[in-house]
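Chain nomenclature is as follows: A, B, C and D, assigned in order of appearance, with residue numbering initiated at 1 for each chain independently.
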Amino acid sequence: MLNIGIIGAGRIGKVHLESISYHVKNAQVTAVADPFINDETRKFVASFGDIAVYDDYKEIIEDKNIDAVLVCSSTDTHASISIEAINAGKHVFCEKPIDRTVEKIEAVADALDKNPGIKFQVGFNRRFDHNFAAIRKAYDEGKIGEALILKITSRDPEPPNPAYISVSGGIFLDMTIHDFDMAMFLTNSDVEEIYVNSAVLVDPAIGEQGDVDTAIITMKMANGALAVIDNSRRAAYGYDQRAELFGSKGAIAISNDSLSTAVLSNSDGVTGEKPLYFFLERYMQSFVEEMKQFVDACVNDKEVPVGIHAGLQAVKVALAAKESVAKHAPVKIQ
Amino acid sequence: MLNIGIIGAGRIGKVHLESISYHVKNAQVTAVADPFINDETRKFVASFGDIAVYDDYKEIIEDKNIDAVLVCSSTDTHASISIEAINAGKHVFCEKPIDRTVEKIEAVADALDKNPGIKFQVGFNRRFDHNFAAIRKAYDEGKIGEALILKITSRDPEPPNPAYISVSGGIFLDMTIHDFDMAMFLTNSDVEEIYVNSAVLVDPAIGEQGDVDTAIITMKMANGALAVIDNSRRAAYGYDQRAELFGSKGAIAISNDSLSTAVLSNSDGVTGEKPLYFFLERYMQSFVEEMKQFVDACVNDKEVPVGIHAGLQAVKVALAAKESVAKHAPVKIQ
Amino acid sequence: MLNIGIIGAGRIGKVHLESISYHVKNAQVTAVADPFINDETRKFVASFGDIAVYDDYKEIIEDKNIDAVLVCSSTDTHASISIEAINAGKHVFCEKPIDRTVEKIEAVADALDKNPGIKFQVGFNRRFDHNFAAIRKAYDEGKIGEALILKITSRDPEPPNPAYISVSGGIFLDMTIHDFDMAMFLTNSDVEEIYVNSAVLVDPAIGEQGDVDTAIITMKMANGALAVIDNSRRAAYGYDQRAELFGSKGAIAISNDSLSTAVLSNSDGVTGEKPLYFFLERYMQSFVEEMKQFVDACVNDKEVPVGIHAGLQAVKVALAAKESVAKHAPVKIQ
Amino acid sequence: MLNIGIIGAGRIGKVHLESISYHVKNAQVTAVADPFINDETRKFVASFGDIAVYDDYKEIIEDKNIDAVLVCSSTDTHASISIEAINAGKHVFCEKPIDRTVEKIEAVADALDKNPGIKFQVGFNRRFDHNFAAIRKAYDEGKIGEALILKITSRDPEPPNPAYISVSGGIFLDMTIHDFDMAMFLTNSDVEEIYVNSAVLVDPAIGEQGDVDTAIITMKMANGALAVIDNSRRAAYGYDQRAELFGSKGAIAISNDSLSTAVLSNSDGVTGEKPLYFFLERYMQSFVEEMKQFVDACVNDKEVPVGIHAGLQAVKVALAAKESVAKHAPVKIQ
């Protein structure tokens, strides 16, 4: 039985608590820490059994009975808490991005190098999504031959509060980072070069924060494939999450999930349901699956499915995307 | 060059004139006869070249230069005109149904027996439709194994004028007759037994004519397969023409054609186009194709693709359908 | 907190145990009874906490602390156990069919009449399925107008062991009974008359048991709509569960669920995934939902969503279906 | 009646001859000129009636009875023949591209300025395709709000003979030029800036010709929308022609046409037909429609639907695409 402490009891911390309690064998959450925890959250935690609740995450770090830590706190604390946990001999599951700087992520990598038995997984949950995983599976099985063109469409249902932009580091670090990871996962290759074509077409207030809200991002992958991501902060029809990998022998494409397969035919046309609107709804199964695999890696000493390399590369690409916008030119990823 | 006379210059006669003129090699229309021909139709005919126009169809029967006749007159004249043409040594393409009685169709069959060189084709155009033909092709190629269940959905966009019912012989003879032929074509088998579950749900005036407007018709085919047709005289979304053949190794299904593949995603849902609304629009390509094959059979002395047997069986099944409604019981086809 | 005892720890009993433990608020399973319980099942039960395990279901009936009972035992015991539980003042969730005879179901109804505070729900889980529920919702909201034609396709991936047939009462009682309930649920109407067109096309051994394995079942509903169900004991592509309700203003149709939306385009065509193969996979969410609503009805004294009437009618229709096959004629439901 | 002369009796010249003869009112082809005309082509032309056949196109230019000319000769002669025809007072339909240089196209524009009554249409047939036209129609009708992101996928079934590259001017001038025109048509806006991410992934021999065979092309449109085209010279599943216009109120997307709607479900999956393989098959209806509209513009003195501006802009964008590859940088369109 793996004893887990969750640091950060916000939305995603709660998701992991529920996933582990209901769906993951060989693991239990024994403590939750959050400096801003409120009564509602305390009650929610209590409904999953006898779980300690702390204000200070250090109580989790220092708890000898805790084997693994989920770092679900605010992004600027991910790297330092991860390092503390690693040095305390705990396995770490860290939400994405690990940090907004390469330097701090490399510091985590250094800590891992010094603690070789420690598992460290990054929260790129989409890798575990049934649709995205089906693309990679088809590719791995040789069904489409060599990867030539990857296309990802990723559009949010609603833009964030513009104030969030300054905290998040902008669209490439808070939203596209998932797509960057998907590009690397689906083609099984790192990114070599990136060029961003972008604009402010959704909300001028986003532009005033120095960010963009609409982008077409094209990349060369290290394995020679070309890739393109198109992003928008707002799609009128909901959360749009599609991808297509085109190869020498064929193409594999995924479309959106919806609440049901119902289709209404009437004098207006033939109408199916909108995509699932909210990321928690759309990706719930993937949050469960990433926890299962993290626990499996810890308990059975297996390789984690999404390691520090993936976490570092996605941030490097996101930073290069920002640079491409600034320089109005293609940028190589180092 | 096959010289063709068209008897009956109504909607379908005009369709055949245009098909032959534009799309069929080795054939030309040299005469059209219609007792009710008007100036507009005369002008339409003239636009296709130097074509004789008669009031009396006998001028076509007696024209030695005419090799083949298309019988597109009113249904009650199909059989007698066909017999005259056959006896005059002309190939005949006869619109469906050949007649509303078995006796008259058998009289046509007798005339054919006495004139063995004559080609006689029935106007079951749907056999030549790209979608329906794809089902039969998959079946013939063994892709679904043995036929087990056939399903046909056939719904019209608008009910006919109730007055038409007394002329047409009712839904089974004017509308479902195509579906009966499809059932036999798609399973490559005759019908053995039929049971009709029907109602008047669209227009009470149809009921007052002694007919029904909504029906679920289930059949046993001679080859053992079960079949079902569902009919409605009015579908709010247009002309609904679908089918599915389920077999021991799989199923092959066809859906409706529409004007374009365009799909609109917005806050109301994900909406594609309605089916093509009108039968001439939906089946235009099949009208061309049946003419091509009729001319090919005449010119190259090949077997016609839809012969007198098909024409007779479809009427027998339609009459049995009426009997099943009257008796409220299953009825065997003789 | 509703204390629940589960009688019968077979496949479906385990499903309910898991659903309640993980997904249903305000309820807990406190006891499980099964005369054939084995070590594996004991271990499974124990993994959900401190739950009593009995051989004899009467220990559950007599347990004053148990508020509700799930009857998941073999079909021939459903009615008598339900009656005992009802008379012991316990709410009952009974798996389908309640019994294979009208008499025994009416005895349950009598027991309910005498115990008016007791909730009794039948396990027609498909009513809670996201797809089927979407049809009923669209109908209730007036989106398709009046119901005219209902079509249900229900095909199993594999036929049962022929020996099972004599136990189950045949295809209409063990398989189509769900479809009969769906027909009534989707049209919101009872069945008035039924005619069955059937054959043995999948496995001759099923015919030797006096049953059929392929059927087209057509019905008149009490509200005037026509309905048709097509059944096969084996579909080469998996579990086929589709439906369409056609009405005066439009039609609403549902298709199969699959593991992902992935579509492979290559030189063979454009290929999507097969339907989910197994009923537990396909309907898992509906098993959770029916439990939630049962518990809600018990705890908050609401009407159950699927009561004794539905359980009785489905069996009456199934028995009429058998009679229709025997008589080769349409049969009215009393 | 518009008398038309066709200059160039290759594949596309023959398509126009057939379209006009069979499907276009108020027009007839009276002469065809081609220096390389062979017996087969002479016979083909003769099958459409009494049409003069010349080796020298000047006989058409000088024929006073000819009102309009279709320039279907090799690309390097398009501009000069067009100018001759314009100056001879004939309307011109010119195949794309008008020329591979901006200078020569501007010379055609000058000739048009001097002959204001002359109609000049460019052969961008896709504007008349049912699918692409449906996108523009939805956009014009305000169904998607403001255009934000346009995506075009355009992949050929087979690469050309590498020797053709040096003649054609490369992928951007012979293949993508249609997509550039579509980008401008669908967004109703010119292109402002372009960046090309490209590679040789299909055939090294194409690279040896100095061209690329795989490309992701991203653009800023003058109206602010972002656009992306992905091209491949070879798709294993055939001719891939899709597009999606995403706007502030929704998105409209088109998928490929196929031979039928048939879908086979078996143990391998659920398989539909491949896209139509060949451009003549895929776009046949659009070739007819562009002729209808050209003739209508000539006969009824209307504005042509695709004028010299469109022809010039597409070439400017194609040349900028080549420059972007050479400079490895975004390039503005002048």
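In this section, a residue touches a chain if its C-beta (ideal position, glycine included) is under 8 Å from a C-beta of that chain, and two chains touch if they have at least 3 such contacts.
Being a predicted model, the structure only gives us computed values, none of them experimental.
When the interfaces A-D and A-B are ranked by C-beta pairs in contact, the top one is A-D. For chain C, the chain whose average C-alpha position is most distant is D.
Taking each chain's centre as the mean of its C-alpha atoms, chain A lies 43 Å from chain D. Averaging C-alpha coordinates per chain places the centre of chain A 58 Å away from that of chain B. Of all residues in chain D, those that touch two or more other chains are 235-237, 249-251, 264-267, 273. Looking at the complex, you find that chain C touches chain A at residues 22-23, 130-131, 133-135, 138, 143-144, 249-257, 259-267, 273.
Looking at the complex, you find that chain C touches chain B at residues 145-146, 148-149, 151, 153, 155, 195, 197-199, 201-202, 214-216, 218-220, 224-228, 230, 232, 234-237, 240, 246-251, 328-330.
Those residues of chain A lying in contact with chain B across their complex are 235-237, 240, 258, 264-274.
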